[in-house]
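Per-chain numbering from 1; labels A, B and C assigned in written order.
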Amino acid sequence: MSQPIRIHAARDFKERSLAALNDPAQRKNFRGAMDFLQMKRRAQFGDKDELTTLRDLGEAIRRYALANLPELLEQLERNLTANGIQVHWAETADEANAIALGIARRVDARLIAKGKSMVSEEVGFNHAMEAGGLETLETDMGEYIVQLAGEAPSHIIMPAIHKTKQQIAALFAEKIPGVAYSEDVDTLIRIGRQVLRRKFAEAGIGLSGVNFAVAETGTLFLVENEGNGRMCTTVPKVHIAITGIEKVVARLEHVPPLNSLLPRSATGQAVTTYLNLISSPRKPGELDGPEEVHLILVDNGRTQAYGDLQLRATLQCIRCGACMNHCPVYARIGGHAYGTTYPGPIGAIISPHLRGLEATYPLSFASTLCGACVEVCPVRIPIVDLLVRLRNEAQAREGSADATLRGSGAARTTLVSTIWNGWALIYSRLRMYRITSWFMSRGRAQSPVEQGAWTRSRTPLTPAPKRLRDLIKETNQ
Amino acid sequence: MEYAQGFSRDYPAKPADVYLFATCLVDQFAPDAGLDTIRLLEREGITVHFPQAQTCCGQPAYSSGYPDQARAVARQQLDIFPEPWPIVVPSGSCGAMLRHDYPKLFAADPVLAPKARALAERVFELTEFLVHVVGFAHDDSGAPCTIALHTSCHARREMGCHETSAALLAGLTQVKVTGQARIEECCGFGGTFSMRFPDISEAIVSDKVDSLRATGAERVVSADCGCLLNILGRAAKLDEIAGRSEATLPGEHIATFLWRRTGGEPS
Amino acid sequence: MSARDRILGRLRAAPKGSPVALPDIAAWHATRPPLATDAALAKFRSNMEAAHAEVHDTTAQDWPLLLARLAAEKGVRTLLFGPDTPHGAQLAASAPAGVELVPYDRPVAQWRDRLFDGIDASITGARSAIADTGSMVLWPDANEPRLMSLVPPIHFVLLDAARMHANLLAAMLSERWASGMPTNALVISGPSKTADIQQVLAYGAHGPREVIVLLCLASGGKP
């Protein structure tokens, strides 16, 4: 889905999150799914020492890749090209889509069968292809359901996590000709399998994402359970892989630790059903596989994050979704409320680079900074520190040294800045603090009963009759 | 946040003197927790010094994205602990601010950075200090009771204090600490988060109140006043809405609870 | 300037930061000691079975008989195989009764409909296996193409028990993958599955519903 720039970012986010909070069925779905995924992940990492070692290594691998990113991208390009895979570079979403459209027109493709790719969501791929006269078909079961419903994914690993089987049963019965209503999950999956199976052969192009791009060997590493990714990368005549420039790793041997962290963190599986390692198009004599393989390397704002040593850590992400699975805010409002391709904590820290802070700043504030995400991140992204930094950027004075990002200062208001200046004045000057807190204690009987947002949900805060500092003074006298 | 560093550190021998950084919440809203912290420490033969110049750690501005304002307030705290004594904080959240965030806040300042780092090294959360430095061991003299423990997210994830709080309560023979659904989940306070996103905050704290009530515990104990004000305030509001005059979920600071259970006179 | 040059230019213009050491994979590898043969086999088997795959013991001589029995039990009438592989030749020489052997011997475009709709099962070899996760390594080639392990609803896999590695890294290192990757390498850990509908696990999402391992033991099966 292509997403229009939001002018009223804060208001829109509030409206969407309020709608989500007031949808009890959806909240139950998310809560149940989050509990389940947390439990599954915990079961995978019973050995804390093993987890610590693995996370250290995962972080080191990703940091090494980022520290050498330009060289590794060139090496990747060299090796892929030598293997016969064509490499394209896209600075923006539009450029990425134009490259894919160009390929589609050259090979006269009408239908693109899509494996799961969050980058394709990010660039609004389906919308752009449809505008160009092509049909796109999502083939991951969750993505298929979401596409059929005309929605966007609400989770990066489980796109249809917000839907119940009853809703899906009704959707299938309504949208797929000849299908009767059934809530039986096996039946529903069999229906999806049958519908989609025919389409892989019809599609002129298969599209996929990439989990890890190995520079050393020129290999695209794809992780999945269903087999639709393998279908998309094997059956159509042309395979296009699309991914962010940060997905590169230096060596093949760097993949096993990351591949151990990824599914265990994501869904609590020790391993996914398929690891699909693609290093070239069909070679002479081979009987299947695409004749052309393309890789589109997408920037779309990632170089902004890369340009800042603190924010660069954002690009360590391997897209497991554990941060959202453990986020108390995500569990309450779900993925759609964020209004971005990537929801939850990772969405809050990556989206400002993709779409600008002006459109995304509310997300950095929509966190209690509880750190549950940091605790589970398999590559140790300091998400809380990055959220705080983005809050600083969002409220920085335009033109000041603290305003370094696209959209910095978008959340700054004179009123709020004045409040914080006043607050700082009180708490940084002892006399001011003494006087203010003394008045608060003495005036406790007159403490307001209405304390804005606080008392909408809680009883009012009332200062104690005497401050601790007064009680201590009295004791010492 | 560096989650590893708070968990393993070298603890000093029990000192003769400590500083108390009480936090602005305790000073203004929960002075009993501060007094009981002092009593707990002085019973161990430790002299507690309360610098009257202390105000607030600066976390509200820091976490709201106002680093200059946070620095201005934090700056006020840097010079008020001149002796090399440990600084005890009856809050994991404010303790984490001093211990982990001060060095980051002043990192770019060549004069203040070493000061902030040196101060951070001396900061201990109360329960951490009682377990690892004091070796707290007192008989439980209270009647049998069942309580639930809530640990703040900063205490849990930055300071490792869910373990020290639990260890102190486990030492009270007449106190049963109940299990709790999603014990590690945030209470939804998040400082200004609760004001900026009141609906989301309410949803989270309501769930926290539900899971605490479901334990059947007669009260909730926590080492953080921020969480307590949020949780108890929500529970009381729900009581009010339901027309109940008695608080169905009372609670108190762990310092007060420990002092009361181990023979101390109530404040 | 091209998009490529501008992207690389921005990356190069970014601050360098402190150097990051090459991750020490060997040290990690050393923390995961190799498994004894029996333990590795047992782990492979239990992991595979937990992933809903079947593992049957057999030998390099007897597996066609086992295959015939299993095929009959499962009602397999058409079996896709690679005639130019050694095991394909062995199978052709002792074709199971009542099963039509279908060779994968021409480009997929020439018989796509039959492949997708007219084949009950396939048999391929596995290059090696991984005990840690219960996985099999396949390197499809001209003699045993990629779709054999994906399209038919049942996939029989012939695996030499001697080709067992403790984990994925051990497989990569000892088979020297980095020195020459094939067009497509696969690591398969059971039948195709999905949990996209309310976290309920369902098998046979797009690939095989059943994965059946014919595990060839030198000793001729479990004692």
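Going forward, contacts are C-beta pairs under 8 Å (C-beta built on N, C-alpha and C of every residue); 3 or more make two chains touch, one makes a residue touch a chain.
In this text the structure is predicted, and so the values were computed from the model without any measurement.
Asker: Which of line, ring, star, complete or other matches the graph of chains that touch?
Answerer: line
Asker: Could you compare the number of C-beta pairs in contact for A-C with that for A-B and name the larger?
Answerer: More contacting C-beta pairs are found at A-C.
Asker: Where the CA atoms of subunit B average out and where those of subunit C average out, how many Å apart are those spots?
Answerer: Spacing between the chain centres: roughly 54 Å.
Asker: Using mean C-alpha positions as chain centres, tell me how far subunit A is from subunit B in Å, no decimals.
Answerer: About 33 Å, centre to centre.
Asker: Would you mind writing out the residues of subunit A in touch with subunit C in their complex?
Answerer: Residues 29, 32-33, 36-37, 53-54, 57, 60-61, 63-64, 66-70, 73-74, 83, 89-91, 95, 139-142, 145, 158-160, 163-165, 168, 185-186, 188-190, 192-193, 196-198, 201, 216-219, 225-228, 230-231, 234-235, 245, 250-257, 259-260, 267, 270-283, 285-289, 297, 299, 303, 306-309, 312 of subunit A touch subunit C in their complex.
Asker: Touching residues of subunit B toward subunit A in the complex: what are they?
Answerer: Listed in rising order, the residues are 1-3, 22, 24, 26-32, 34-35, 38, 50, 52-53, 55-56, 58, 60-70, 72-73, 75-76, 104, 153-154, 157-158, 182, 184-186, 188-191, 193-206, 229-230, 233-234, 236-237, 240.
Asker: Could you please specify the touching residues of subunit A with respect to subunit B in the complex?
Answerer: 14, 17-18, 21, 35, 328-329, 332-333, 364-372, 374-375, 382, 384-385, 388, 390-395, 402, 411, 417, 420-421, 423-424, 426-430, 433, 437, 440-441, 452-459, 461-464, 466-469, 471-473
Asker: Across the complex, what residues on subunit C touch subunit A?
Answerer: Contact set of subunit C toward subunit A: 2-4, 6-8, 10-17, 19-25, 28, 31, 47, 51, 104-108, 112-113, 116, 132-135, 141-142, 145-147, 150, 167-169, 172-173, 177-178, 181-200, 202, 204-208.
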